[in-house]
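There are two complexes below, and they share subunit A, which is joined by subunit B in the first and by subunit C in the second.
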Partner chain A sequence: MSDNSIPIVKRMFFREAIAKAVREEMTANPRVFIMGQDVGAFGGSYREFDGLFAEFGAERVRDTPVAEAATIGIGVGAAAAGYRPLVSITYMDFMMLGFDALINYGAKSRYKTGGQLTSPVVVKTTAGALGQGVAHSQCIESWLMSVPGLKVVAPSTPADAYGLMKTALRAEGPVVYIDHKRLFPIPGDVPMEETAIPFGQAVVHRAGLDVTITSHSFMVRVAMEAAKKLEEAGISSEVIDLRSLAPLDMETVAASVGRTGFLVTLEEGQTTCGVGVEVAAQLYERIGARPWARVGALRAPVSSNPVLEPACLPDAARVVQAVHRLLGR
Partner chain B sequence: MIYQLTVPAAVPGVEEIRILEWHKEPGAAIETGDLIVELETHKAVIEVRAGQAGVLRQVLAQAGDWRTIGLPVALFSSDASEELPSDAAGASAMLVEFEVT
Partner chain C sequence: MEDSAIKTLRMMLLIRAFETALAKRRDHGFQLLSTGEEAVAVGLCSALDEKDQLLTGGRSIGPALARGVDPNRLLAELLGKATGTNRGKGGRGHLADLESGFFGAHAVVGGNISIAAGVALARKLEGKGGMVAILFGDGACGAGGLHETLNIAAIWKLPLLFVCNNNQLSVSAARADVLAPKKLSDIGTGFGLPSRTIDGMDVETVAQAANEAAQTIRQGGGPVFLEFLSLRFAAHSTTARETRGPDELAEIKTHCPIRRQMARLREAGVIDAAVEEALEKQAQARVAEAFAFADASPYPALTEVLTDVG
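Let's turn to the complex of A and B:
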């Protein structure tokens, strides 16, 4: 008989899952602190730090001005000095301002100093289009995957948001943790017992026989929608949520495509030098040639215009079309 | 006449809400403008107020429960003595106003 007094999982909003992980890690380690715009009394741009300011105070939950370069730079430096900062960058687009600090100092310090200096900073940022225009909509995770020394993760469910954040705040950083504007409204079950999800582990959301669809972040939901439509057309799709982009879990992907024989990669970002081509190239290195196709945003900045935005972004119909074309049926 | 209160599509992009707090109990008489229940979305709290008078008869979801947009969470009747149906599916929609706070 199970103990009925402690629930095993609790359904909560995406933001609450993040807050849970951060609270646990801030409680466990006094060197974890948060920096960013609206992280304090406001509770986080997406309310993902709700309650933490009241609990831990202004010393550990620090509001910054609109100054991403400085904030990321200070985070990288504080991490090198022995802290574990969580830097919140509300829009992934503005991470660009901190690339020098994050990449040339954060990611490279271990190499430059022969291991004497490391920078375990976590940059948490929100990607994706939601009507806010060309400079507030980007998904640029593929730009970061190639940086030696940088880890990149992207949860698609509240449980993964929780588990990956716990690992991020303990990891050999720097870590870029990417959530998505369109994920915040979606609730999910989160384990009540402290559980971390290791990096480098993808998860199969739907088992299938005819084609493997790999994706991450919000697009996993689009992939699942497409898989449902494809089922009606007699095609069984295996949907893999990569979760971890650097390091990539190619073992899971290769095992899947080894069985299905076909790969479709799906991302909200650009397909040029995207996440998909990296998956496809590494797949080829592992198991040889398999037919594959990539689906992503059209080659244009994502407008806030209500007609142009959906026209630019991948949807289930576009994924279904790509699968039909790839399979030839 | 029996009325059902369904979860309003108050905030764009929201498919599911969590019941935050009931402000009326079964048996309570409701006037137009009365605060009936508060619902929680990922972003904000929705105050659901009566758009018509009636009697709250049955609460179908408790504080902390999750409900999808469009699903019923309470039953009302114009008269306290009306018999409640076993299945509220055919009931008219209760008129409400909601405020996103």
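Let's turn to the complex of A and C:
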């Protein structure tokens, strides 16, 4: 490689990939701005906005008080009035405080006004358990998937974080973009050339023949770990990262299960009315019945207790067990 | 003075006639009327110009008319017709007509307050002037959205006029039984906003207060809070039980803002009995036209159920 060659990819952390996407979109579109707690000089709770306050100033990187309901509402209102706010909600659990604005107003604004306005707000939040207890650990993405008009994405790699955030900041209506606490320390290659990843496109992380495992966010890594163990037992797993939960890419899932014949859905949240239930139901509608097992958190709150938290959450061993039971081998 | 006084009276009469006729219909489910509270809507809207936007809670028919929304399209919307402001898809509680400066209603109590602050933030970021008024009831004063939004609006000096139409009742609950502040404008005072409590049954008093507040906001003074004391002549909705007795209601109706304004204009020699009668007839004729338009309009095509969703 000569000295002046431009690298095609650069290894970076999630926070750097997000900052890159947001910086590029803020540069391209003066109507993009950030608001939320600790987003200013502090750079975001996970430093995912590092440098943006210095670059774009307090007008476009706005610190808010602890007021999630009004923060989401103001974001939705500014979006309806022509701006593209990125509203940072530190933990996904706190989104519940802003559901009226996001769900009753934002997601419905285009429909209820007969197309007069849309609310292109991006709510960026962080899901998942990392010792923070019952009200800071939840994965409630399946609640959001049921809302008409709302888009939901949850990447598992820095490259996807970058590409999906760019699409989110250009999308027509409200988007919930979900990070995961356990993904932040894991670097990955991100394209240096500007690339947006369209919503509604799953990606096959690992090709396999015997069973399809669908997942998203941090649980994709758990699925990959399980696939490795299953390989040792002579079972070949195909791992699909859904990435985009609303819209869902059922074509990729159906093509895979059509070949493997078996589906295991994996998520960190609750299995009742979960992402997996939706994947399985839509799969049934497309290609008919296929044996299916779902793996998710136990039906209990996720405690910060050091032994109860892992006891509640799905891990590779549970996925391996589910696959063995499903395949009968 | 004469022209604007007649215009004001004409609008209050239109709202009264519109809502009275609507209350007689049964084919719209139910409606939240503002009969008795016309002075608040009309006085407030006299302070707004075309660059401004008005947002409201669910009690939005009077304010929408006062803002200049076409009565034909407004009624069509309330009756679910395709010619409505929202193509029949918003209905009661979600009326919107951006071109008239009526950004819209949101039927969750207190829910539109933060939305309005977002619209005000957009105005401020654009830097081309224009302000936003958010009209809500006393019921919203107990909701967290108001308090959170007041705090942020004050810190960010948003061009936002908070208008509490205190009609003294949230459905059945009397204001004094459910809200602790002595005056509801004290809520604004607590966040450092210029805040006043004003007679909401007198359209000229309302207009003057709203215009003064708008001036403060337009000069960059940040948000203002106005509480207008009003009286609701009808039940919470057209299908809700009335909680007040006949004697109390009869007394309440003696405070009619329309009669009050008519009396003032008669005394000033601006109108007489003949003009009053003519104005009332004109209002009724305008409402009849709106009903003819709405009734002749079709319901949306069934394909509309899936348009403009995402």
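Just so we're on the same page, the second predicted complex is superposed on the first by the 325 of 329 C-alpha atoms of A that agree within 3 Å, B and C clash if a C-alpha of one lies under 4 Å from a C-alpha of the other, contacts with A are read in each partner's own complex, and residues count from 1 in each chain.
Everything that follows uses one rule, which is that a contact is a pair of C-beta atoms (placed from the backbone, for glycine too) under 8 Å apart; a residue touches a chain by one contact, two chains touch by 3 or more.
None of the values given here were measured: they were computed from a predicted structure.
Undergrad: Following superposition onto subunit A, is the placement of subunit B relative to subunit C best described as a clash or a fit?
TA: After superposition on subunit A, subunit B vs subunit C: fit, no clash.
Undergrad: Spot which of subunit B and subunit C makes contact with more residues of subunit A, would you?
TA: C
Undergrad: Is A:281 touching the first partner subunit B, the second partner subunit C, both, or neither of them?
TA: After superposing on A, A:281 lies clear of both subunit B and subunit C.
Undergrad: Applying the document's definition of touch, where does A:41 land relative to subunit B and subunit C: first, second, both, or neither?
TA: neither
Undergrad: Give the angle at the C-alpha centre of subunit A formed by the C-alpha centres of subunit B and subunit C in the superposed arrangement, rounded to the nearest 10 degrees.
TA: About 130 degrees, rounded to the nearest 10.
Undergrad: With both complexes overlaid on chain A, does A:151 touch subunit B (first), subunit C (second), both or neither?
TA: second
Undergrad: Touching A:15 in the superposition: subunit B (first), subunit C (second), both, neither?
TA: A:15: touches subunit B, not subunit C.
Undergrad: Let me test your reading of the model: by the given contact rule, A:113 touches which partner, first (subunit B), second (subunit C), both or neither?
TA: second
Undergrad: Using the touch definition from the top, say if A:73 reaches subunit B (first), subunit C (second), both or neither.
TA: Only subunit C is touched by A:73; subunit B is not.
Undergrad: Check the superposed model and tell me the shortest C-alpha distance between subunit B and subunit C, rounded to whole Å.
TA: So the smallest C-alpha gap separating subunit B from subunit C comes to 30 Å.
Undergrad: Which residues of subunit B touch subunit A in the complex?
TA: Residues 13-16, 18, 41-43, 66 of subunit B touch subunit A in their complex.
Undergrad: Which residues of subunit A touch subunit B in their complex?
TA: 11, 13-15, 46-47, 130, 182, 184-187
Undergrad: Where on subunit A is subunit C touching in the complex?
TA: 33, 59, 62, 64-65, 67, 69-83, 85, 100-101, 104-105, 110-117, 148-149, 151, 172-173
Undergrad: Please output the residues of subunit C touching subunit A within their complex, sorted ascending.
TA: For this pair, the touching residues of subunit C are 53, 84-90, 94, 96-98, 103-104, 106, 108, 111-123, 125-126, 144-145, 148-149, 151-152, 155-156, 307-310.
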